[in-house]
Structures are given as C-alpha cells and as structure tokens.
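Comments concern the structure below.
The letters A, B, C and D name the chains in turn, as written, and every chain counts its residues from 1.
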Amino acid sequence: MNNEFYPLFFSFHFYLFGLIALASALLFVTRKSPVAAALWLVNVMFCLAALYVMLDAQFIGAIQVLVYAGAIMVVFLFVVMLLNLGRPEDVSDIRGQFPRLAAGAVGLALLAEVMVLARAKFPAQIESAIPSGDLSRGEPGGIIGPVAELLLKDYVLAFELSSMLLLTAIVGAVVIGRKRS
Amino acid sequence: MTAFLESISYNGWILPALLGLPLLGAAVLLLRGRAATADAQMASDRRFALWVFLAEAGLSLGLWWSVNVEVPLWQADFELPWIPSWGVSFHLGLDGIALMLVLLTTLLMPLAVLGGWTSIREKTASYYALLLILTTGMLGVFMALDLVLFYVMWEVMLIPMYLIIGVWGGQRRLYASLKFFLYTMLGSLLMLVAIIWLGTAAGTEGVPNFGYDAVLNYTRLSDAHGSVWLFAAFAVAFAVKVPMFPFHTWLPDAHVEAPTAGSVILAAIMLKMGTFGFIRFALPFFPAAAMLPAVRTVMLSLAVIGIVYGALVALVQPDFKKLVAYSSVSHLGFVMLGIFALTTESLQGALVVTIAHGISTGALFLLIGMIYERRHTRLVDDFGGIAKVMPVFSVFLTIVALSSIGVPGTNGFVGEFLVLIGSFQTQPFYAVIAATSVIIAAAYLLWAVQRIIYNPLVKPENERLRGHDLNWREIGLLTPLVVAILWIGVYPKPLLQKTERAAAKLIQYVEDVRTSDRIGRIR
Amino acid sequence: MLTQTDAPMTGHPLADTVARFAWLLPVLPLLGFLFNGFLSLRAAAHPGPADPTAASHDHGEHGDHGDHGAHDAHGHDDAHHAARHPSAGLVSLIGPGVLLLSFGLALAVFVAMRAAHIEEAYVLTLFQWMPTGKLSIDVALQLDQLSMVMTLIITGIGSLIHIFSVGYMQDDPGYPRYFAYLNLFVFFMLLLVLGANYPLMFVGWEGVGLCSYLLIGFWFHEKANADAGKKAFIVNRIGDFGFLVAMFLMFANFGTLSFAGVEEAAGGLMVGSLIATAICLFLFLGAAGKSAQLPLYIWLPDAMAGPTPVSALIHAATMVTAGVYLVARSATLFAVAPTAQLTVALVGALTAVFAATIGLKQWDIKKVLAYSTVSQLGYMFVGVGVGAYTAGVFHLMTHAFFKALLFLGSGSVIYAMHKAYHETHNHEDAQDMRNMGGLRRHMPITFGLMWIATLAIAGIPVFSGFFSKDEILTAVFARTHGSTLAEASLFGIPGTALLYAIYALGLAAALMTAIYMTRMMLYTFHGPNRTGEAERPHLKEAPWVMTGPLVVLGVLSLVGGWMNLPLITGGAIGPVELLHHWLEPVVGTGANIVTLGETPHLSHATEYTLIGTAVFIAVAGIAFALWRLKPAALVAAKDAPAEQGIAKVLHDKWYVDEAYDAAVVQPTLGVSRTVLWKGIDAGLIDGLLVNGSALLTRAFGWMGSQAQTGRVGTYAWVIVLGAVAVLGAFSFL
Amino acid sequence: MVAESLALSAALFTIGVIGVLTRRNAIILFMCVELMLNAVNLSFVALSTLYGAAGQVFVLFVITVAAAEAAVGLAIVIAIFRHRQSVNLDDINLLKG
C-alpha cells in the first residue's frame, strides 16, 4: 500500500541497492582470497552508503564512504597486501562441511528471531514510516544540523571520549605492530 | 593456701593470665635473635618454651584450691566488654568440669614439650611458638563463657595444630593435616550458624547477647530447648571433634603423621573439646531435644558402635600409633555413653575417663615417640624382644598399657567402671555391649605389647637398642604420668568430689526441663 | 590416706584384737613386691644417652658394651647355666620372709577369731574409694570364717611354695623379678579374699589375672610362653566381663555392692527369682573364666608354660579356687536361684569328666596335673553348686594340699631331669614322662610323698581326698530329694534327674582320676629308667629347701581329712564336722535355704553304700591302671610312635583349642580387618565420602577447564549460541 | 522503507555471523565483524528516521570504535603473523585452560 506521493524512483532504487548489498555480502563471505573478500565488502559499504542517503542520513552516508569504506577497508587491504596473504592457492580457510551447515542453521535461526522481534517491537510505525524524501530539509543548518546539534550538545562527553579512544588505538597499534628489536 | 590466694586476689586475674602468658611467650620466642648454630638455636628455643610452660603449669596449680566447686556460680570470673554492639563480651569462668580439663592441659603441656625434646630439629622457634598459641586456644575453649569467644578460641586452636602436623609431620602429613582441618572446620561452621541464631534470639531489642547465661535463660524459657536442629548443629561440630563413629577417620591419619608432641596434645586434650562441648553447650542448651528418644538412641548407638568398632579395628592395625588412635575412638565412645546415659555416676565416670584417657594415651604416645626416635618405625611387627634390651621402657609400656586396658588399680578402670555401672541403670542394653569392649581392649593392647617387648629378640636392629634404654629425661617425663595413673586408680576421691557438683547440676537441670516439659504436655 | 576411719565395727569383739592389723596381711606382700621389683629394675636398668636418636646412627659397633648386669633369662626351664643374680641372696630372704610374716599374722588373727566365736563379719574400712551419687564403694577388708580359711590356705601354702621356689629358681637371672611377681600375686589374692565388697574383690580378681599373665609369660623370650600368658589374661577377661555385668545388675537392683548389703537383699528375694538367677549366672561366667570351667578352661593347660612353683601356687592352690570362693561368698544369692545352682553343678560335673578324659592321654607331667586340676575344680563347683558350700570349701582346702604337693613333686622331678640333661647338654624335653621312668630309685622321698598325694586325690580312705570328695558326692545324693534343687528344673529336665546324672558323672570322674594319677606314677617312678645312660648318675633328689615343703604338704594331705570328719563316724576318730561348724555363720543361711530348712539326713544304710561305692571306684581305678599299663613297654620320647585313634584325639585335647581358634579368633580378626577396617573405615567413610567428595570437586573443576580450548573459534560459537538463546527467550516473552 | 532496511540489516548481520563462524583467517574474521557493524549501523539509521537523529550520532560513534578496533586488531594480527607465520586462528591457542 504505497502512498501515491512516494515516487516509484525511491522504492526501485532502494530495492536495487538492497539486493546488490545482499549479493555482495554473500559473495564476500564465500570468497577464498582475502583481497577479493575485502573488495566485495567495500562494495557492500557503498551500497549501504546509498541506502543511508535514501534514509535521510546523508551525513552518515558521506562518513560511511569516507571513513568506513575509504579508511578502514584501505587499512585492511593494506595489511592483506603487506602480509601477502592474497595468494588464493593456499588451502582455503573455510571450515569443513559440518561447521558451515551448523553456522548456516544458527544464522537462519538468528535471522528469524531478529525479524520476529523487530516485527513485534515496531509493528505500527514501520508500515507507515516513509522518509520525507526531500533532500533539502527546511530546518536551519541543513541536513547536518540535527546530527551536529545532538552530537555537540547532548553527546559531547561521548564525542571527547571517542577521540581519546582513537588516540589510544593509534598508540596501541604502533606499539603492538612495532618490530621487536 | 586459699587465704594466700585471696590475698593476691588470685581469682580475679588468673584466667586472663593463663591465656596471655603463652601468647607473650610465643611473641618473645619469634622475635628473639637467631643463635649461632642450629643446634644452639634449638636448645635455647626449647629451653625457653619449657620455662614458659612450667610457669603456666605452676600458675594454674592455684586453681585447685581457689575454685570453690560447692557454689553454683562461675568461679574465677573475669569479664570485659569486647564488641558491645554485637553483645559479645570477653567472659571467662570455670566450673568443676572445666577446672579439671584446664589443669589437665596446663600440666600435660610441659610433658608434651619434653617428649618432643630431641625429635624436633628444624624451625624450632616457630614450632614452640605454635605450641604456645595452641595452649591459649585450648585453655580459651575450656574457659569461654561467651559463645563467640568460644567459637573464636575453637578456631584459634585449630590452626596451630594444622601447621604442626603439616610442617613437622610424617610422609603423608599434608593429606592428614588438610583432612583434619577440613573435617573440623566443616563441623564448626554448622555450630557458628547455630551460635549466631542463638545470640540474636537471646538479645534484647535489637542488640544480640552471646553471654552463656543469657543464652541459657533464653533456651530455657523459649521452646528452643527442644529444637532438634539447633542441637544437631552443635552435636555435629562436637561429634567430629570427639570423634564419634562416622566422623572419626581423620583421627588415625592425624595421629600417625603428627610429631610426638602434636600427637600427645591431640589425643590428650584436643579430643576432649568435643565431649566438653556436649557437657557445657549441647546438653544444657537443648535438654529436651537431647532427651528425645530418637535423638538419644542415635547418640547412644553411635557411642557404643564407636566403642566396639574402635576396639575391633584397633585389633588389626599394623601401625602402633594407629592402633592407639583407634583405641582413643573406643575410649571416647565410653565418655559419650557416660554423658548420654545421664546418671550422676555415669557422667562423673565420663569425666574420669576423660582425664584418665588424657594421661594414659598421652603416655602411650610419648612412649611410641621414644621408640620411634630410636628405631624410626612404628610397625608393631618390626619390634620383638625389646624387654631384654630396654627393660625400663618395657616396664613403663606395660604399666601404661595396663592402665589403658583398664586393669583395676589404674585410672582406666575407675572411669570405665563408673561409666558402665552408671549407664547400666538407665541403658542396660548399651552398657552390656560397651562392656564387651573390655575384652577386646585387653586383646588388642596386650597382643601389640607382646609383639613389641616380649617374643624372641631376633632382629639385629632391636639388638642394637641394647645400650639405648630410656634416658633420665624420659624417665623423669614418664614417672609423673605413672604416678598419676596409680593415684587416680587407687584414690580418685578428690577428683570425683571436684566434679560432683557440676555433674549433679547438669543432670538436675536436664531432669527439671524434661519433667516440666512433660507436665506442660500433660496440661 | 590409710587413716583408720572409725570403723562402725568398734563394738565388734574382734575390734581390739590383733585383727586391727589385718590390713597388714595384703600390705606385707605388696611391700615385698615393691622391694623385689626395685632390686630387679635397679640391676637391669641402664638409662640410655641423652640423645636417643644416636641408636640408629652408630650401627652396633659398641652394641653390647659388656653390660655385666642380669640381662634377663633365656632358654625354657634350662636357665641354670646363667650367672646367679647378684642380689639373689637378699631377695630369697625378703620374698618368702614377707609371706611367712603374713602367715604368722593370719594365724594370730585365726586364734583371736576362734576365741571370739564371732557371729557376723568384722569389716575394717580403710578409705572411701569411689564416692559418686548413690554408689559409694570403700576399700574395706572383711574378716569372717570363710575369708579366714582362704587366707590361711593362701599364706600357708604360699609360704611353702615361696620356700620351694628359692631352690627351684635359684639360678634364674630373673630371680628378683620372679619373686616380685609372686609377692604381687599374693597381695592381689589376699585382696580378693579379704575384700568386703564385690568391686574390691574384682580388683583382686583382675590383679591375680594380671600376675598370672606376668608369671606364665615369665620366660617371655619364648613366643609360646608369651602367647600362653596373653591367652590366660584374655580368657580371664571374658570371665571378668561376666563378673562386671553381675555387679551392674546387683547395683541396679539392690543399690549396694557390699557383701553384707547383697546378702541381706538376697535374703529378701523369694526362691527362683529371676534377678538372682541372672546375677548368679553372670557370676558363674566370671567364676568359670577364673577357675577354668568348661567353656573357658582352655587357658589353664597352656598356663603350664610358666615355672612349676607358679603352676603350683596359682594354677592349683589359690587363684583357680577364686571362683569357688566367689560362689561360696554369695551363698544366699545362689541359694535363691536353684536353676543357676543346677547350671553350676552340671557344668562342674561335665568339666570334671571332660578334663579327666583328656588327662588320660597326656605325656607332659604338668599337663596331666593341669587337667586333673580342671577336673577337681569341676568337683568343687559340683559341691558349691548343690548348696553344700562347706563340702566345696573342704575339697578346695584338701585339693590345695595334695595338688600343691603333686605340682611341687613334679617340680623337683623336672628340676632333677634338668640337672641331668644339663650335665650332658642334652636338649630333650625334661617334662615328658616318656623320658622318665624308674625314678623311685633316684628320688625316694619325692616318690613316697607323690604316692601319698596320688592316693589322696584318688579318694582312698584315711587320706584327705577321700573325706572331701565323698562328702561332695553324698551331698549331691542327699539333695536329690527334699531340696529347692530337686523341685527346680533346667531346660525342662527335673532337678532330681539332673542330680542323679551329676552323681553318676562324679563317680565316672573319680574313676578316671584314679586311673590317670596311677598312670602318671607308674610312668614316672616305676618301670625301667628311660632318661638315658649318661644322665642316670646325675638323677638325684632335689635339695632340702625343695623337699622340705613337700614333706609338710605330705603331712597335710594325710591329716587334712580330719578337719571335717563326716557325721557317720560319730566322733569315733575325732571331732565331727569341724569345718562345717566353723563356716556355719557365713554359709549357713544359704545352705539352709537349699535344704528347705532341715539338715539333710540319709539313713545310715544309704550313707554306708555311698561310701562303699566311692571306695570301690577308687580302688578299681588304681587296680585297672596297675593291670593295664606296662611302663616297661614305654619308649623314650624322641622315638616314641605317634598316637592313633581315640588316644590321639584325647592327646590333642578334643581339638577344642583349634575349634575356638577357627570359630572365634580367626573370624573376629578377619571381619575386623576386611569388613570393618578396610571395608567401612578405609573404603566407605574414607574412600567414598571424604576422598570421594574431594574427587568430585576436582572433576567439576576439570569439566570447567575443558571449555577454555584457547581457540577463538570456539569462543565465537559460544557467543553466537548465547545470543541465539537470549533472543529466543525474548521472542517467547 | 524502514521495514525493508531492518530486514536487510538483519540479513547482513546474519551473513556476518556466518562469516565469523566459518572462516579461519583472522583478517577475514575482522572484516566479517565490520560487516556486522555495518548492518547494525543500517538499522540505526533506519530507525533514526522515526526516533530522531540520535541514531545517526550513535552510528558515528560505532564507526570510530570500528576504526579503533580494526587498527588494534590488525596490529595484533601482524604481531602474531610475524611470530607464527600464519593467521590461521586454530593454531593460535596459547591461552588454553
């Protein structure tokens, strides 16, 4: 029961990117070589970025592309290349038949439970919830206003703490990664 | 004598002094400087410790005259508030029964130290310090008139013995000491719960009161005197210590592995904690529960099983120390029979057996220690024909063994005879079964003594003992014990008179509660 | 503490006589024991070095640094080559001296007592022993006719045996120790007979058991002797258990343990009362243990392992008669329990016959005498069992005389054999009759005296045995009708029938006694000598210090009978029934109850026939033995053929020891080792509960540790499964 | 729209879980964790359309944490690789119970 004001464009694109994300995630999990897997994961991230934008979270979409896909995945690729783990010929590290089946079953069970819970918790709003769709939000500060306002007013402590976290992570990574003399 | 004691208000300070002196001695012993050589260190440590114990014994002798057993009040009373908010006071006092046990402890400790004179060679300072702390613990248990103080002293007594067995013991000492500790600890935890329950119940508007008399009044007035669970809590803790039949397996191991002095103290004094506990706490607090037919049958049958079982198993022990340990189970079974038969004769008999067993088994362990020092073995079959090479040892062993068997004219007989004739009046069935142990006791001890001192002298190791009979120290150590054995055997009257009042009071109290209960039920 | 508390008996006629010093009677031997014991220990004791652990370090290079002292005896009965104990002279003065003093004092008290004609006992209270609650036991001595007779026997025969021992044990290195134990024994025995209440008697009772343990195992280096001592003590202890339970019953029912109190309480009971029967049966169990009656006699033959004078004193004259004294002392109690009396008499008779059968086929001279003692004790119990307490005590006295003579005679024979074997260093058994034979030529005095004793024990008229044994048999016969025993019944069999059976058993025992005693005399003294050529010249009479007491005992065995001539003789030979009148005040009440008040009288005809049969039996026995046994055919022990058939069974004492061992000893040891110790103690309580719970906690700990595999994968799984579970739970909420 | 994104988020999360459980290579494991984080971010964003921008702030924090975690994680993997020449997780089990 789509609302007639909701342009076909949105729903088509949403499903498109959704399916691409899903497919690439599946491919990501099944690739033997870490490099291929990493690239497919980057692809998932891009699709997600697109979905964020469609869900009125444009800033997050940008950050996703910039930080997540751009920085973290690059580090991953960098490490993979550094340790030249990319060679696909070594024995596949996918576990045997039984663990995979078990993992699949457990995954499905998990999926079912989450779906049931999600359905139970937000039955009403989910159906009717339709993003406003106009990109230029009328509020002051544009699309990033509300996020920035919250971030620097209510969650300023968490903001500072996360900076401390990043600092320690950097120092930690350097110390651990250093070659012992 | 009593005039002199009044002049120095002996009763006022004697009990805390008896507790404090050993602690002081232990502290000095530990903080003293090290001597040049290990031997010099050993010699000075043991001499110092002996002097402290002799002082303690000398000090305590005054109690015999100062404690007036005719008056129903606690004697040599000493009270200090300790933890007022909890209603716990440092309250010490003696009655006839506690007096006997305190004197047994203080007089036996110097002999135990002399017994282990040459067998303890390393870490002697801490060894003697532990012995001193142990004395405080034991004396504290006998003197405590406050339940929490009693429990604290009960635990204080446990740790030094655990260390003594654990550090200076035989091969399987760790297993034995751990088993001993856990056994007693488990038992006493139940007791702690009961004590706390009683203390809070006996308190007034919120502030608990752990004083002995307060709790006694509380149990008498409320129906707590009939609660079987509280009685069971106390009974299990004391049964483990006595040891009564199913809880006795720690005793043989602890005895076999303990050093001589440890063994003597364990057998002569620590086992009496259990029976003292029954007489001082379990029976007066819960007379109706103790007198329930079911409870009484359980206690009596366990006691009698303990007697016969202990004697039978002692018959087949290869290790002489284990044999004596099982004989202790049997003797203390007599004490329990005496207590639960609840006639004046049987209760007084139980007290005489307690004292007699302390002396006889203490002397037996000293003798085993002496022969162990010379031959380094306790297996009865390793010996044979010792009488030819060590006549003095054989004479002492025969006399002490006879007293342990209970031949008339020695202390063993007086105790057992009174217990049996007393318990026969109310429990003829149990008394007759217990009396059969008289035969088994003669069998196992005489058989062991025969295999040690009589029989042909064939083994070369025994032949080498020729020049190594008991030395003057050991003879001096054993003579007072043998004199005590014969003295109590021939003239036990003073001992009986000292404990008569306390015993009669207990029986009177239990009978009153039982009759008032019955009347209550009838109405 | 030995203060003379104001004895309630101040008014007693004996109070101001020499009886006041009666407490010296037991104390003198005690002093003897202390003195001799000190002498023995002083010589043997050499206190070791201050540091005892040195013994294990220096391995024996100075092991026996020539200690000159008396290292104790070695070698069974052949100890004479060892050095004589340094202080032997002093000991031989103190030991017997103390006994003679005691005997003198006893005679003085006896004279005082005869003069005073006392009716009730003189109780001398020394001090309070066990004052608790209702029970109050005092250490008190009771002097009355019965305890006087026993004291005279003990001190009299005791002194004779002490003098004999001076000669017999003179070369034994353990000489002072021997006399110390012997004196201690006499102390306890006097305590037993002089005690005024049952617990004090019990002190003496176990004390003598202790001394017999020490004396039987005197040469303890031989395992057999030590075992015999232990066996004696433990079997006695079984008897003591019975005595203890009897005392508990008395206290529970009568509230008192003194003889006077119990006597008075027993008087009040009606005949056949259950309590009295129970008490008497337990008392008899005690007596059986001590006086070696049927179920518990096994220790007496083994007790021969001790020195011969010990066997004479303890296992013939004094200790074993304690049981008879106990029954006589509780005369009234037994009188009101006819079933108990019938049991006592029956067991006595059975023991008499049973022991006599074994006695027929024993080769060791002391074993023959031991079984004869058991048999004669059976006789005494028949006497006191049927209520004829005087007859029982009379036989006790005469038996003490001739049995002590027989034992000491065999002692001097063994002494002579030892001397002979010692000269030739021959290790033959000096006690085996097959090695003896024809000794009458070498030892005429012992030979003559032994014959007197044999004729006495066989019951030939004129000798003491005849009077006492005959009196018992007539008493049994007289009580078959008109006595409480006749009416009572045991296991359904009426009293009268039982009494006839007992009489018959008595006759059979008398017959066999005559046979085996004559057999012993024949094999020892008559026929050719089998000791061997080399030893024969050394066989000679024992020194006078040993044969002296024999002569005295010989006279007593002859004269003993006159002390209690039967009524039938009507004063023809001498004063009639002296002992009967003497013991009247003590056992009179008990005896009257049994005979329903009037004295049992048999018509002269029956009495003469009874005496006739008894004499005929004795003579027949001796004649049969003389006719059947041929000492000449005997061969020395070492090459004697093994026994067969019934002879073997008798020689091996009906395999009773083996039966006891198999039925009682081994099962108890087996059960207590496997079931009680290994099974319950080590297995159930220790294994299952204590160590078991320790194992359980360790097992739980191990299971917990298995989850920590260290592989990250496992942890991931655990997290996911946890998440699934939690979400699942939520989905159901 | 929100329902579909939640469904997608759940699917992606499940795929991430399956990846974690089936792969042995440490780095791929990290990537799967990253995927799971992204899935969660998606649901955050989806729901922020209903409950205000707090969701998006939170996504920001998730991203920073993911970054920190990736950095440290990879440093550890490198250290292990230098020591063990392998990142196969099953070989690394020193912390065994």
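Simple rule for what comes next: a residue touches a chain if its C-beta (ideal position, glycine included) is under 8 Å from a C-beta of that chain, and two chains touch if they have at least 3 such contacts.
Predicted, not measured: the structure shown is a model, and the values here were computed from it.
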Contact-richer chain pair [B-C vs C-D]: B-C
Inter-centroid spacing, chain C versus chain B (mean Cα positions, whole Å): 38
Where chain C and chain D are represented by their mean Cα positions, the distance between them in whole Å: 99
Chain centre separation (chain A, chain B; CA means) in Å: 77
Cα-centroid distance, chain A relative to chain C, in whole angstrom: 107
Residue list for chain A, restricted to those that touch at least two other chains: 95, 106, 110, 114
Per-residue multi-chain contacts in chain C, two or more chains: 713, 720
Shared-contact residues (touching 2 or more other chains) in chain B: none
Contact pairs between chains, per stated definition: A-C, A-D, B-C, C-D
Residues of chain A that touch chain C when the two form their complex: 95, 106, 109-110, 113-114, 116-117, 120
Contacting residues of chain C [partner chain A, same complex]: 713, 720-721, 723-724, 727-728, 730-731
Partner chain D, residues of chain C touching it in the complex: 704-713, 716-717, 720
Chain C-touching residues of chain B, taken from the complex the two chains share: 118-119, 179, 183, 246, 248-250, 309, 312-313, 315-317, 343-345, 348-349, 370, 373-376, 385, 387-388, 390-392, 395, 402, 407-409, 413-414, 417-418, 420-422, 424-425, 428, 431-432, 435-436, 438-439, 442-443, 446-447, 450, 453-457, 460-461, 463-475, 490-493, 496-497, 500, 504
Of chain C, residues touching chain B in the complex: 1, 41, 44-56, 59-60, 62-65, 67, 71-72, 74, 127-135, 199, 202-203, 205-207, 210, 213, 217, 220-223, 226-227, 229-230, 233-234, 237-238, 240-241, 244-245, 247-249, 251-252, 668-669, 671-673, 676-677, 680-681, 685-686, 690
